[in-house]
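Paired with subunit B in one complex and with subunit C in the other, subunit A is shared by the two complexes that follow.
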Partner chain A sequence: MNDMTPEKKPSKLAKWSRRGFIGAGVLAGGGLLIGIAVRPGNPIGALAPKVAGGDGEQLVNSWVKIDTDNIITAIVPHCEMGQGAHSALAQMLADELDADWSKIRVMQAPTDGSYVVSDTARAFVAPFTLNAADWLEPTWDGLFTQVARLADALITGGSSSIRTTGQGQMRVAGAAARQMLVGAAADAWGVPAGEITTANSTLTHAATGKTATYAEFASAAAEQPMDQTPTLKTPDQYRLIGTSAARTDIPAKVDGTARFGIDAEPEGLALSYAASVRPPVPGTRVASMDAEAAKGMNGVLQILNMGDFVSVVADSYWQAQQALNRVKVTWTQSDSAIKTTQDQFAAYARAIDEAGADGGEKAAGKGDFADAFAKSATTIEAEYKAPYLAHAPMEPINCTAHVADGKCDVWTSTQVPLMVRSALAEATGIAKDDITVHHPFLGGSFGRRLEAVYAVMAARIAQATGYPVKSIWSREEDTQKALYRPAELSRFKAGLDEAGALIAYDNIFTHRNDPAEASVPGIYAIPNTQVRVAAAPRHLPFAAWRSVDHSQHGWFIESFIDEAAHAAGADPYEYRLAMLKDAPRHAAVLDKVAEISEWSAPRAEGIGKGIAIVESFGTIVAQVHEVDMSAGKPRLVNAWAVCDAGYVVNPDGFANQIEGGIVFGLTAAMYGELDLVDGAIKQSNFHDYKMLRVDETPAITVEIINSGTVPIGGAGEPGLPPAAPAVTNAIFAATGKRLRQLPIAKQFA
Partner chain B sequence: MMRMKAALVLGVASSLVAACGSSEPEPVVEQIVIRAPGEPAANAARKAATMEAGKVDLVALGERAFAQCAGCHVAEKGARGMAGPNLHGVVGRKAAALDDFGYSNALKSSGITWDIAALDRFLANPAGYVEGTSMVAGAVGDGETRAAIVAYLASTSE
Partner chain C sequence: MAKFILNGAQVEIDADPAMPILWALRETLGLNGTKFGCGIAQCGACTVHLDGQPVRSCSTPVSAAEGRAITTIEGVAGPDGELTAIQKAWISEQVPQCGYCQSGQIMAATALLRDNPSPSDADIDAAMSGNICRCGTYTRIRRAIKVAAGQLEPRAETIGTEA
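Here is the complex of A and B:
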């Protein structure tokens, strides 16, 4: 069995990263075309017209362009969904380029295979902290979702933009571009390149007093040789990286000019609007459609039975939705045996029961659990249940599509534009090269927009009508007919020695998606462990949901560790710390959060503090949450988070993401739950799928530790996993009531 | 070893992509075309016709105006209530009469039987007429529009 401790050295695959940027290359299978230098005479120069609009613009390479106003544009291959990646990526490029931050602009890379994010793809296949083969084999869902994405890896996810594209591409692009500019100036001025200094988008040769803007040498720079591996700055040389440089997307978001997918109003296109209804039970289709009552309604243009959904197209979205409400649709029957939430958990329990004491697929482990368990002085067992969850992004699911003359254009909010393009090609029969995916800002996503169904629906409607259509899902459709964070059941068994130390640990559950290490208590020194998977049917389709498996397993593991601490009669912080003696970074993070949360200070009556630590997406986050139970139900008072991501590029942006992850995690912990009734989802909108309100949100303190460890970790997801266990552990501390199901609020209603 | 497995996965990826290209687009099962975008709406034409004839079809106007109520109400036989109750056949009915809708206590104890006059008064200012009603939005200020909506609702009772 493999050792569960995350491997610290990068896998062999990590060697792809640097060469992956400037070298043109194709990976095995032909799926990935990686970063390509765009310069005169380069066969891939065809990319130039897509990103450089006018004669005054010179493309230095495919990730950066410099125009005659000395405005430098970072061409960013990731989507912006509020996480700040556009700005932080530009910051990394600008630092290496010694660019003037006030003159930096960000452009969304076109949906072109040349912009596939090879490092992101690799990060999805082989996480930095884990051996690739070990990860790939056991993860069935993971395997297939990853494989599908790999082929179309222009993707934003896995908290990866900064640590992959930023580190491997934007910085390299900036450094290479700077070298080429310096080279061009050296040639023109007849001075050694080494004597030229750069700052604020300006080249200077001190000895001769010559100075020029980057723009002046942009054309000549393109003729310079391109260093395949330019020297990157060391942290002491950073000017922008590590600072909270103002985000480039703030002005547009403040003055309202920012365009999101749903704002699409393509010039020259008169839009009609579609509302659609999909089958309430997964796997079923339209059986019959009676549209009589809708035909005479205002604004109605067309009523479509598309086989797998029904749409009304009208002059406005409201009219389309009103008419759709009058269309009577019946659906085929599902053959799923799972009709209710109880059925789902019963199916999970059955699979786990059948696996017995040591059955199921061995996912990870070390030592000899059975032997250690038999010798234990104390044993404990616990079973936890996590519910199905929806993403519920605030921007409704939408796509505007125009299919005409053998071409297809769509405007949509997506994390996976190239995957959308492939899905459109399949659904419309139009060649990929004739499909353009325009993807403006996303109004939230959290994994929701990692799929292509809604874009395909829009294109099929537009293809059927022959005119451009904006398709918008109602909130009810998005809550009930999407892809979901899986419900999960997890059982633990553990043995403690005479001193209370955890010496035997067994955990079995029903699905392993990704990241694979999420279900492994790898940070702790526990000598005998086994992690098992007993595959069980799942009624609702799977989606990656912010932090993916960590969202459940972070809560499972950190709750159970808390139970072990209680069984040992130990302080939950000190108990964890004792198991982190070989993990100094984790211990430092845990110590710091105990310090800033005044963990050792006495608690007032009814106040509980809970602690949890989870490493996810390369970042270690420990949290303490303070919960006031004096009114008999939880009130979230304070949250402290300490994070070690190795090195943080933009501290303010990083803290924003950790705070967002905490609030998202608390929302799910307090309220998040989807129930199954007759095979369909019961909840429909924000009245019964609640969000945490401002007045329910704790005060949050985020502290960052820059340990300098590389590769660096992510920001978008790691804040989430410790939030739920820290709160339920706090409730236990205050009341002695151990919560083994989520959500929390209804258990105190 | 590790590298071999990674390559294997990439191989699967490319074969999946190849498979994608071969499937046929799913055909449309039924396509009902009412009109083309920009073409005048049929009921707008109907309204023009009735105006031309010198008499206003109040029911038709009311049916159109009911769109402003349709966010919360349906007026269709047997349809399930939404945020507000189904108003099909409401004229002549006692207030709070439907079993499948959770009315406010105010409406339940109002003793109102909905006739044309009561509906007109209620629609003009719901909370002013029945204090404590949960109909907190949707008052119809314009008297002619109100009359048309009530006429339309009355027509569903026939």
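Here is the complex of A and C:
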């Protein structure tokens, strides 16, 4: 049995439970409200009208409502973008509450300061510390500095929802509500609370034969005292946690009723539609606009030069886009010296050259690299290049905005609704309290919807025209005018001793974003290492892209380790295993993937297998990929993944995330590349920014090891990093060709 | 004026004949289950049936529907709302992640199984390769099609919720 109970291992969980603030209040009409907040003060009175349902539905605490028919609604603060967080968070709450899963519903928490999950944000920004000073870590890039500037954050990302909000809030909320229901029943029945059992949303006292639904005692529970640190279940007591409970959001996603941001149709609003074009090169603006050819086209209402973008507002999105295509816009010149992909990599190479043998910022290291390198029997060097990438979620970027009477309402798909609200306040001059951000399901995100600019655009258009407006970006706009996974160049130097063991390791690259450990080969026992950063200009703005720095460094490191194994004449699996002698969890994961992939079995001519292991977001994932090179170009045949996240809350949901992470990683490895031409992105849509399709996807096997380690790891991102290196390592195994540049497919065209 | 049958009912709309069916469905007729993904018939998110054949509604003008029958995701279930075998398999195999592309995936799979009730792996690949899933649910899509075709048993281990 796994040991992940906070009672036995207090660490973060118990700390967060204590940090929780629990309050109670009675709603108008006699309903019950039991509140568990995560910051001082009791927000519940103001909260009730925002989340309470119809007649008789009772808010049992700020995360739970119970209706008269015993339907229980979990109110979850994180967005649902396909990662299954809505369902898994409800599952954690329902387990502690002993609720009937078939009668659980999920509600997206409103964008309200009361639902800020500061522990999540803090863990996201500064993992493994609750020290607020770490928020202000000045060296982080992009998102993380933006988040750190916020006093309060409501954010979904970093593969963090389950391991922060789930463990720290939802379980506590469920357990607290259960205790209060039990207390109310004990008083009414005149029996000791300890004799009352709960299951399937029902209270039972066996000795007297009394039984009642939760709904019957929901309001009486209001009078009960509240325990700020209710006893949580131990793993042997779980009924739902650890099971593959069916996701609550899936039925609506098979019958067309699921509503995404782009589907917003606010009641009572006659929408107009906006199509917009933004500058092709970052940092430039509109120089001139000639809209003559678009004026008078069917449906066109207004053509706007907003300075930083141009919009056409029309009766339909299609009419707006047709008209926009006929508006001639010229843009100001960029002062960036980087115009092409070659310029970008030349700038990186120059910075690394200038850093020399031991320059640059020391990011990590131990031992004495120079001395060990000088004494090495064999040395190897390699340089890898990873391209710029876009997120390309299936739902194009969009926002519906209504600005009137000093108030602003927006409907949009976002990972950061409160950041959106702050940005809207700044852009419109409307007070935050008068801004409401409605955020339905996200049609994918992967880090794309961590910015507020598209919501601000919509609100500015609505403000300028006076129309309630649905602003939609074309696929081309999203491909070319977004934020991007950075291109990166990484150089390695290593020394091996007579036995082939890696004794000296040097790595230098140009940017360190997040997570900080992504570029550190920390899982391996290498005695002398140095990891260095030589800062270089980057032409495109940074985005956190699924697995962030692990997306590049996982490939860099696991490719280079493979090169070391081959230089040593060793089997790549056994070579890694030998360096994991002090890392038993990693070794177990690696062993298991070798076993299920039949690593040691003989391989047919043209078939290669590659192996890679990366720990990211608290989860260790090893993969073996099998590639058929017999036709002279790669065909992905099989992928095996073994994962240790400590403990998995929903195994099927976790496996689905790992499968998705692998496909995302394979798409990038095979096809992902954005080229710069005249400072702008060349690729525009799925014909030239290709995605892996079903006929190219390998069979995927996922196995989970519940090692019981706490805190538990994430699911959304860790499947991605090992995919690319396992494939390029497999190609090397089959062909002897070492790929040091991505994407793969064009090198075999 | 364009006249066509939409999910079994006669409709008449006042729309530019060149407007893609996608936008007429979403903005004129208020049927939001069909999705905009790329606008150039590359991703399949907008797939609907036109006289039973899967088409990319983002690139098929309203004029092409004149006098014909359009079926969207809202129209595939039975008259009593009972889900089709494909929709049920999509639930039993827990296929969707974000779900945005799944209307199009289900429309493509529905046409496949109607024409070919027992498809091979190659048949599935051929019929479904026009539909991108950025979440990467392809292995589950394959399995769900086989479940719907009766070639595989549905997964038993998931604990269900009442619809």
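Miscellaneous remarks
Everything that follows uses one rule, which is that the second predicted complex is superposed on the first by the 681 of 749 C-alpha atoms of A that agree within 3 Å, B and C clash if a C-alpha of one lies under 4 Å from a C-alpha of the other, contacts with A are read in each partner's own complex, and residues count from 1 in each chain.
Assume a residue touches a chain if its C-beta (ideal position, glycine included) is under 8 Å from a C-beta of that chain, and two chains touch if they have at least 3 such contacts.
What you see is a predicted model; the values in this text were computed from it and never measured.
Of the two partner chains placed around the shared chain by superposition, subunit C is the only one that A:695 touches, whereas subunit B remains out of contact.
By the touch criterion stated above, A:426 is placed in contact with subunit B alone, subunit C being left untouched.
Once the two complexes are overlaid on the shared chain, A:298 sits against subunit B and subunit C alike. Of the two partner chains placed around the shared chain by superposition, neither subunit B nor subunit C is touched by A:383.
In the superposition on chain A, A:571 contacts neither subunit B nor subunit C. Applying the stated contact rule after C-alpha superposition, one finds that A:675 touches neither subunit B nor subunit C.
Contact comparison for subunit A: of subunit B and subunit C, C touches the greater number of residues.
Residue contacts after overlaying the shared chain place A:595 against neither subunit B nor subunit C. In the superposition on chain A, A:307 makes contact with subunit B only, not with subunit C.
The residues of subunit A shared by its contacts with subunit B and with subunit C are 298-299, 319.
On the subunit B side of its complex with subunit A, the touching residues are 1-3, 5-7, 9-14, 16-17, 20-21, 23-38, 41-43, 64, 67, 70, 74, 76.
Per the touch definition, subunit A reaches subunit B in the complex via residues 11-13, 27-32, 125-126, 131-133, 136-137, 143, 146-148, 150-151, 270, 272, 286, 289, 291, 293, 295-296, 298-308, 315, 319, 322, 325-326, 422, 425-429, 460, 463-464, 467. Across the complex, subunit A is touched by residues 16, 19-20, 23, 26-28, 30-40, 42-43, 45, 72-74, 77, 83, 87, 90-91, 94-103, 106, 124-126, 128-142, 155, 157-163 of subunit C. Listed in rising order, the residues of subunit A touching subunit C in the complex are 81-84, 101-104, 240, 243-260, 262-263, 265, 273, 298-299, 316-319, 321, 392-396, 441-446, 472, 474-475, 652-653, 656-657, 659-664, 667, 685-687, 691-695, 697, 699-700.
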